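What follows is a structure written as structure tokens; I'll ask about it next.
Chains: A, B and C, in written order; residue numbering restarts at 1 for each.
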Amino acid sequence: MIITDKLTLHSNGKRVTYHNITKDVKRILETSGIQNGLCVIQSPHTTCSVIFEEFVHDFDFNGDEYLQVDLNRILDQIIPRELSENTNYRYPGQKHVDFLMGMNDPNYPADPGTILNGDAHIRASFFGASESLIIKEGALQIGTVGSIYFIDFDQNRERDRTCHIMIMGE
Amino acid sequence: MIITDKLTLHSNGKRVTYHNITKDVKRILETSGIQNGLCVIQSPHTTCSVIFEEFVHDFDFNGDEYLQVDLNRILDQIIPRELSENTNYRYPGQKHVDFLMGMNDPNYPADPGTILNGDAHIRASFFGASESLIIKEGALQIGTVGSIYFIDFDQNRERDRTCHIMIMGE
Amino acid sequence: MIITDKLTLHSNGKRVTYHNITKDVKRILETSGIQNGLCVIQSPHTTCSVIFEEFVHDFDFNGDEYLQVDLNRILDQIIPRELSENTNYRYPGQKHVDFLMGMNDPNYPADPGTILNGDAHIRASFFGASESLIIKEGALQIGTVGSIYFIDFDQNRERDRTCHIMIMGE
């Protein structure tokens, strides 16, 4: 038996956006009735990732959990923001800007500054587009504090993002 | 056909613990009789990861393989240890410490110092909770020197950890 | 229904090799006729990874896409090349060199210098051996600009590499 579903998640466009989607994935699993098998959660966007991390009860003034604040700080050091054209990033080149501007896609507005997101692409490659979780006796094997997060590393654009979920099993 | 199984692995509590679980996963695959499909190996703990890496024949005096020694050194540089409260880590906040201390879980003893493991959480997010390996003609596609490692990045607590394995195929 | 297939990809042996294999994976999916399910793309080599990243229209003089140039630069900083024995890398030790030299494997020629690839091993562990993509209504859920790349992080040897693909679904 195979179930596919998706979530629509809103990115704030100001900083890295983290969505705790654990309850949504559990709900889709329960509705499917699948008892044993595999659950894959996957981003179709190349600046987003899915990770498995602990839920933390403390938040900074932005509303980000403390482990998210820590991860953002470390990423700013090892994969720094592409905040202007005066960085070491080659991405995006002129041909690529022309391509993206010519797509007439509402996700790519006529402002090349929003395409300066090379950092988000590299970060998403490090963390991967998907996470795969095992289902046993109707439950995701994620322990008592484990949570599933959809991350949008792109900090330039407020917009809706899609997260795909597939459950396969019996 | 779907098989689920699990391993219990002991973390040393003194440094990052690496378990080569290749033989265990191969044994579970052989017992299943599955010839073609997918094998997913997954940690339910948010400070552990599963990776695919070469087995090395040289060990340091701790018994760690040389690639593990190299990985530990690089991680100490880019995701440094949270050895005291006087670090840049925000994790764990007071509310989270209160939550973990109130769980009455034998895995969370009454010593908040053992919760200073923000580095282990961030590291585990980088490497991911799972690895997915393809099965073809009864064999994992891992080459002649490829091995599967379960890593516990938490260096604060000696304890048993669980590793889940799911094999789906025909 | 389960389909397994593989690609043979040639590494240049001079720098990190990136192969855009999106068209190949799409072709294998179309031939299978599978409409809903999962596609796993996996490297059996411990110095190679599979990632999901945007295709870029601009290339440097080596022919590498700009996001690849940016990723290479960042990796050279955080996981530096093992260019000689005078680095911080412990890998490979003498026992491991003896083992690899004794394999009589055409992939391991009689030149220990080519085994100085600890950086490639660590990098491949960070990015993971596989990527898992969801199939819905006959299509991979990779958006309009998303591409699948097979990366050989080993810069020491020109040789053929294998990439495994498995599609499971109905």
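Just so it is clear, a contact is a pair of C-beta atoms (placed from the backbone, for glycine too) under 8 Å apart; a residue touches a chain by one contact, two chains touch by 3 or more.
Given the structure is predicted, the values throughout are model-derived calculations rather than measurements.
Remark: rotation between subunit B and subunit C after Cα superposition is 120° (nearest 5).
Residue numbering at the subunit A/subunit B interface overlaps only partly, since under half of the positions present are found in both copies.
One inter-chain figure worth recording: subunit A and subunit B are separated by 22 Å, centre to centre, where each centre is the mean of the chain's CA atoms.
Of all residues in subunit B, those touching 2 or more other chains are 38, 78, 126, 128, 132, 168, listed in ascending order.
Subunit C makes touch with subunit B in their complex at residues 2, 4, 38, 40, 42, 44-47, 78-79, 88-96, 98-99, 103, 105, 118, 121-122, 124-126, 128-130, 132, 164-166, 168. Within the complex, the subunit B residues that touch subunit C are 36-38, 51-54, 56-58, 60, 66-67, 69-71, 73-74, 77-78, 126-128, 131-136, 141-147, 168-170.
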